[in-house]
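Handing you this structure, nothing more for now.
By written order: A, B, C and D. Residues from 1 in each chain.
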Amino acid sequence: MLSAKEFSLRDKFGTYNGMEVVSVAKGTAVARFEVKSQHKNGLGTVHGGALFTLADLAFAAASNCADDMVVSIHAGMSFAKACTEGILTAEARELTRSSKLVNYEAKVCNEAGDIVAIFQGTGYIKNKTAERKS
Amino acid sequence: MLSAKEFSLRDKFGTYNGMEVVSVAKGTAVARFEVKSQHKNGLGTVHGGALFTLADLAFAAASNCADDMVVSIHAGMSFAKACTEGILTAEARELTRSSKLVNYEAKVCNEAGDIVAIFQGTGYIKNKTAERKS
Amino acid sequence: MLSAKEFSLRDKFGTYNGMEVVSVAKGTAVARFEVKSQHKNGLGTVHGGALFTLADLAFAAASNCADDMVVSIHAGMSFAKACTEGILTAEARELTRSSKLVNYEAKVCNEAGDIVAIFQGTGYIKNKTAERKS
Amino acid sequence: MLSAKEFSLRDKFGTYNGMEVVSVAKGTAVARFEVKSQHKNGLGTVHGGALFTLADLAFAAASNCADDMVVSIHAGMSFAKACTEGILTAEARELTRSSKLVNYEAKVCNEAGDIVAIFQGTGYIKNKTAERKS
């Protein structure tokens, strides 16, 4: 099982965008980033793509932390609150797991604890014996 | 109405990640990026967050190109094909528009024309007379 | 505010399909039905449309219980477990509410408490002073 | 391959609610129903569950028409237009198919051809050699 730090480093897109996985355990993980100018959209608020990426990163860290390799097959996000600064945190949590499929939810919150975005992800367990070498 | 180039430049998150809007017209827009190492996830394929961002950028460019300011309230993405290189293109297209809501679809394709991901976005028309000054 | 029974009776599609709202409170509601032959799909399991309807009914009961009239603008459902009999229950819960939009989640469970399906709904608050006369 | 009529008859929930599959071919199918009082929600418009069921029925007919047995794992619907009468038609169309997963879209339209709702469904190909005996 990869540590939070190891998982973060492997995820190039998250790293490039200043995101890191801060904790990971069976069926749950937390990721975060500090909002900077580069995370904004044309309206001056945090880009939906940045919020989605953060939640997807937490989903991947949580669902891949065991022996399974999970690939996302569908994800949806509802955007509840525009935000412009501070640290945003996504906490992913497993809702169901069968032999082939997992369902996760993740909530992205601001520092005040308000829900900024709600993520729902479905993953396909591709290979239970996949070796992931460093 | 903003040109494709103007829209691209305003979108900091897209620009930071090497994405650009290449064409925009009433109810449709095209955005693209060339896959680089920084766009990958821990499995070595293009990150779902990058695919989502590209489609969301095309959606924003297409839906905001008139006098309306549209904010995304929900978006979903199905991931159909893993990819590791080349230029990815998202084309957004308006399906419905009422006085308050728009629905768009966008398909992300690789250079061979295969569908890599399917995006569906719902936006809220926030302010029909919003002034967006440069 | 409508009682659970009043809300059930107004919802013709739910009633016609043997569904009822069993409790309703601010931001939450529970609906249920007993699986019968008429709820099945061509594979002999409960139809996705029946599961969706149940969750949507709970969502509507919970979100409309105050002075607001809420119309659904997007909803997604993940199907986690096929089922063929027993009583299915959906519990809807409000996650966010702004002046114009609400986000709800609902989980459909079987009698053993297993999650059968996961629903996420976004609603638009159409008219805060809508009068809904009996 | 099942005919449209055979498929309709197997789907008890669709049949019970007055819905029928009117055509089916590889990767596409059309289903419809005439709006009656029993299809309405508490606001007097067609229930989201009825619209979802119609689209899901078309999705199932189209995706199961070959040798594959496809089970829905996620579906989303955007509700674009309230309607109260007439014949509603859903046309499902395959967007992608891999060895294990399919992605479909379906649009529900009224008699004037306006889009009433937009459906996106992801299915899992459970058993390529499943025998489905009459």
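To be clear about the criterion, a residue touches a chain if its C-beta (ideal position, glycine included) is under 8 Å from a C-beta of that chain, and two chains touch if they have at least 3 such contacts.
All figures in this text were calculated on a predicted structure; none of them were measured in a lab.
Enquirer: Chain C and chain B are one sequence twice: same or different residues at the contact, by the over-half rule?
Expert: Chain B vs chain C: same; shared/all numbers exceeds half.
Enquirer: Where centres are the averaged C-alpha coordinates, which chain has the largest centre distance to chain B?
Expert: C
Enquirer: Nearest whole angstrom, what separates the Cα centre of chain B from the Cα centre of chain C?
Expert: About 32 Å separates the centre of chain B from that of chain C.
Enquirer: How many Å are there between the centre of chain B and the centre of chain D, using C-alpha atoms for each centre?
Expert: About 28 Å, centre to centre.
Enquirer: When you check chain B against every other chain, which residues touch at least two of them?
Expert: 73-74, 76, 78, 101, 122
Enquirer: Quick check: in the complex, which residue numbers of chain D touch chain A?
Expert: On the chain D side, the touching residues are 73-74, 76, 100-101, 122, 124.
Enquirer: Tell me, which parts of chain C touch chain A in their complex?
Expert: By the definition above, chain C touches chain A via 74, 76, 78, 80-81, 95-96, 98, 101, 103, 105, 107, 115, 118, 120, 122.
Enquirer: Across the complex, what residues on chain A touch chain B?
Expert: 7, 10-14, 16-17, 37-43, 47-50, 52-54, 56-57, 60, 64, 69, 71-79, 82
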